[in-house]
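I've put the structures underneath this note.
Both of the next two complexes hold subunit A, though its partner changes from subunit B to subunit C.
Up next, the complex of A and B:
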């Protein structure tokens, strides 16, 4: 081994040890636990069950429902965050340097802890005392504040709890997108203007393709983030009513903490982990890589 | 095809910076016009105003007889080649060239035919399905040209299109662009800071400085009849040497040297007739000075040789002349070696002068230029 390689390895060692200890070890433990029937209260009493926990996880209707809910929640939140955030970034870009104050104000929700944001939105939305419904009554959209049960309607609640997420992280999307927009060479937009493209076509043919890597980052980071949301929903509904806002991470938590079923919780968590990695890899290949080709 | 006419065009930015002052001239149909000047002279701003990328503060711009001050760039029927080429990196060469036609709503067969034809003209056919990132600088430059010619516009606008190429390729592309323009006969405005490009490519050249038009003329006239010291020094390489001198009758006093001005100069420049100890600025081009031991002339001065640069075909001789040196006002001009201002002369390679010699320099007195020291204008 050359001294150069030894030096490289030496420099990598602290980080590698750190990763091994804090990432690889817990993941291995997770996978190991998922192969046993084991209770949280007595972790040393364990019975080898092979893949039974996985079979249970993949056939349980409650887990399937929570997985579907997680997808609904993530797609809904991501779609609106992206729409609002990207539009805000386009506005900032259009007013250029004058947007400094707007950007600062817009970024403020980023500093709010999710637990606080969840609580805040709970008060805005809750039953017939929520401010939102009184506002809707005032502008005549509904007749009675109790008409829309944001957090207790079983069909609606998974979308209602996403409002807080959208409010909280639209600014992240906006700031990242704005940074991406400012990186598009001005010449390209001007060339498109001269080539006869109107604003809409310039956006479609130049801005959007140039933003592909940024969009990839936003989709990966925010998508994975939304899929693993826990605190924001927990503070608003604890997964209720009747599990109708229970997302996947919450399902794992319930099984682990409330039912003390370490083995099956570990199996679900392992599945969750692999699906997330797969999704991120897919987004990376499909959007990021093809933009850098 | 169209002529472009500028009438008292001004550009004043928000912070009261007056970038362009009363720019007025006409570009004839099919003419190759070059805007040249040092950095910050407003040549690119002027071009961008014609393109519609910058608003016009006042004045009137016509393309093909139509006032286009407030017309959108896409409706001005112009094509532009950018210094950066501004190729769409996510599109193939074919899609890049086809883009303006696609925007114009042409049908697919027509677009394909015109793209193929443009690619053939520019020898890009083998590269049509590649992305710009996989092309060389020269090929990218051609793609940018292709995107401009494919739509058959009324005018081409080119903003320093060759400045990102290496020297050899630049010379080649210079010739190609000039011959392409001659074949297509499309009115062209070409912006450059390189006076060699300006002189070799343009039918006419507009020299700008500080947002003010100095002179619009043919390359030959700019060289032989510059209107002021700036144009005189800017056109020609190396620059014209400018010194304070005194004219008394037909006798010119240049520092400690004195020589006679021939009658042909007075015939050409009647305002110099009957001068009595008149202070003026004399301009001597490097090619009008030579080694007096090899090429004796009636006008001769003594100078101290500071440096000799032998180029094979000629020798650039840097001379110290004991007369007050005058700055032509070109902000881009390279400052001289040391603090001693030198004149540059273009000697024949046979000259045996060496650094630190005291040389006898022959002056082609009939080729001298004269300027008013106050107005800096040429004296005719």
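Up next, the complex of A and C:
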């Protein structure tokens, strides 16, 4: 081996070994566990069941419901983060230099711990003392603070818990989009203006196509994150009432910790892992690559 | 003339819209601050008031003196610092050769790091629990550091790789002309140039660990509980102890917010970087 190759290998080795031991090996362990009937408290006592855990995962209604909820939650959160974040970025771009203070405030939630955001929104939404409903009464949208039960209405709760997510990450979308907007060459928009394109057409035919890579990044990063969400919802409802805000990651956690069913939790976790990687790869190919052609 | 007026009105409307947006965005956190400063008895008054009628530090005293929270903060700090150091030690050399000595092996390695970032924490948490248990590291600080580092290393690798891309290849060659070995060139010439990139990466690793919840929930129980876990317990154990909980949330999040505001330019740059690369 050349000295150069030895150097490369030597520099790479510590990180590679570490990731091997703490990422690759656990993933193998996860897949291995998923093929057994095995309890969390006694992982040494196990019985081979083949793909039974997977069959179970794919046919259990509670798991399917939690998967559907994860999709609802992610789509809802992503749509509003995108809408608000992009609009905010356009506004900041429109007022250009004067947007400094605005952007500073928007940077505020960027690093706020998710459980703080979750607690905060639970406090804003919770029955009796949640101030949001009093605000809605004050502006005449509802008549009584008890009219909307954000966190205890089983049909509503999966969307209510997404408010915290939207609040927390709209700033990420806004600031990344703003950076993208300022990178669009001014002459390009000016040229379109001279050609007689109105503001809407300029936005649709110049700004939006130029923003494609940024949009791709936001959709991939935020989409994957939203689908993985655990802490934010856990702190607000612990999945309740009656599992109606239990997303997929929480369902796996519950089966592993509360029901101690390591085998079946591992099967779902394996499926989750591959679906996430597949989705990210797909989004990458579809949006990112075509933007670079 | 009317044209100018219309433009002015349009400008004013955009300014107003931006202001309303920003104010309503900040409102929830301001309310959290206000609530934490209320006397505990006023926190749950019906109907709620936005501003405290009298200011009291009762809630802060409760969480900082009478609870296990200070111990949990110490744990959080130790875990985050160790995670930062360990992930930098592992990621710096690897990111360096991955960008400056590009070959099949390094490309595969970076790709693996990228894929790792998509792995849901719960999927890794399940087997990590078993692994740490067999190593006797469950509910210990080193155990949690290992778990946090497993997510911090891929993040650090991708951030650092982006920074290393900007370093010219000649730098190492010049150093080697002067008689440095490859490793000496890396340590004495390249690393000092990378200072700001390393600082940002360190910050991101620190905050990732400071904010982390699920691994801490799964892998700690008594001794090495971190702050978010103890705060979450206020949520369930004490039922509706909103006063202390808001104070704890403020104490826990203020340092991070202060850092974010102080370094927002670098942080936003890092986020965009990380986002584009990851």
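Here is the rule we use: the second predicted complex is superposed on the first by the 279 of 293 C-alpha atoms of A that agree within 3 Å, B and C clash if a C-alpha of one lies under 4 Å from a C-alpha of the other, contacts with A are read in each partner's own complex, and residues count from 1 in each chain.
Here is the rule we go by: contacts are C-beta pairs under 8 Å (C-beta built on N, C-alpha and C of every residue); 3 or more make two chains touch, one makes a residue touch a chain.
Keep in mind the model is a prediction, meaning the values are calculated, not measured.
Q: In the overlay, answer first, second, both or neither for which of subunit B and subunit C A:46 touches.
A: neither
Q: Mind telling me which of the two, subunit B or subunit C, contacts the most residues of subunit A?
A: Looking at subunit B versus subunit C, the one contacting more residues of subunit A is C.
Q: Mind working out whether A:191 is in touch with subunit B, subunit C, both or neither, as first, second, both or neither?
A: The first partner, subunit B, only.
Q: Would you sort A:224 into first (subunit B), second (subunit C), both or neither based on which partner it touches?
A: A:224 contacts subunit C only, not subunit B.
Q: Under the stated touch criterion, which partner chain does A:210 make contact with: subunit B (first), subunit C (second), both, or neither?
A: Only subunit B is touched by A:210; subunit C is not.
Q: For A:72, is the partner it touches subunit B (first), subunit C (second), both, or none of the two (neither)?
A: After superposing on A, A:72 lies clear of both subunit B and subunit C.
Q: Examine A:121 and indicate which partner it touches, taking first as subunit B and second as subunit C; both and neither are also allowed.
A: In the superposed model, A:121 contacts subunit C only, not subunit B.
Q: Touching A:201, do we find subunit B (first), subunit C (second), both, or neither?
A: So A:201 only meets subunit B here.
Q: Jot down the residues of subunit A that show up as touching in both complexes, subunit B in one and subunit C in the other.
A: Subunit A residues touching both partners: none found.
Q: For subunit B, which residues are in contact with subunit A within the complex?
A: It is residues 51-53, 72-74, 78-80, 82-84, 86, 88-91, 99-100, 103-104, 131, 147, 151 of subunit B that touch subunit A.
Q: In the complex formed with subunit A, which residues of subunit C make contact?
A: Answer in residue numbers: 11, 14-15, 17-19, 21-22, 25-26, 28-29, 31-32, 35, 44-48, 50, 89-91, 93-94, 96-98, 101, 103, 105-106, 109, 112-113, 115-116, 118-131, 133, 146-147, 149-150, 153-154, 157, 182-183, 186, 207, 210-211, 213-214, 218, 228, 231-232, 235-236, 242, 245-246, 249, 252-253, 256-257, 259-261, 264, 267-268, 271-272, 275-276, 278.
Q: Enumerate the contact residues on subunit A facing subunit B in the complex.
A: For subunit A paired with subunit B, touching residues are 185, 187-188, 190-198, 201, 205-206, 209-210, 212, 291, 293.
Q: Contact residues on subunit A for subunit C in the complex?
A: Residues 3-4, 7-12, 14-16, 18-19, 22-23, 25-27, 29-30, 33, 40, 43, 87-88, 91-92, 94-95, 98-99, 101-116, 119-124, 128-131, 134, 145, 167, 170-172, 175-176, 179, 213, 217-218, 221, 224, 227-228, 230-231, 234-235, 238, 249, 252-253, 256-257, 262, 265-266, 269-270, 272-273, 276-277, 280.
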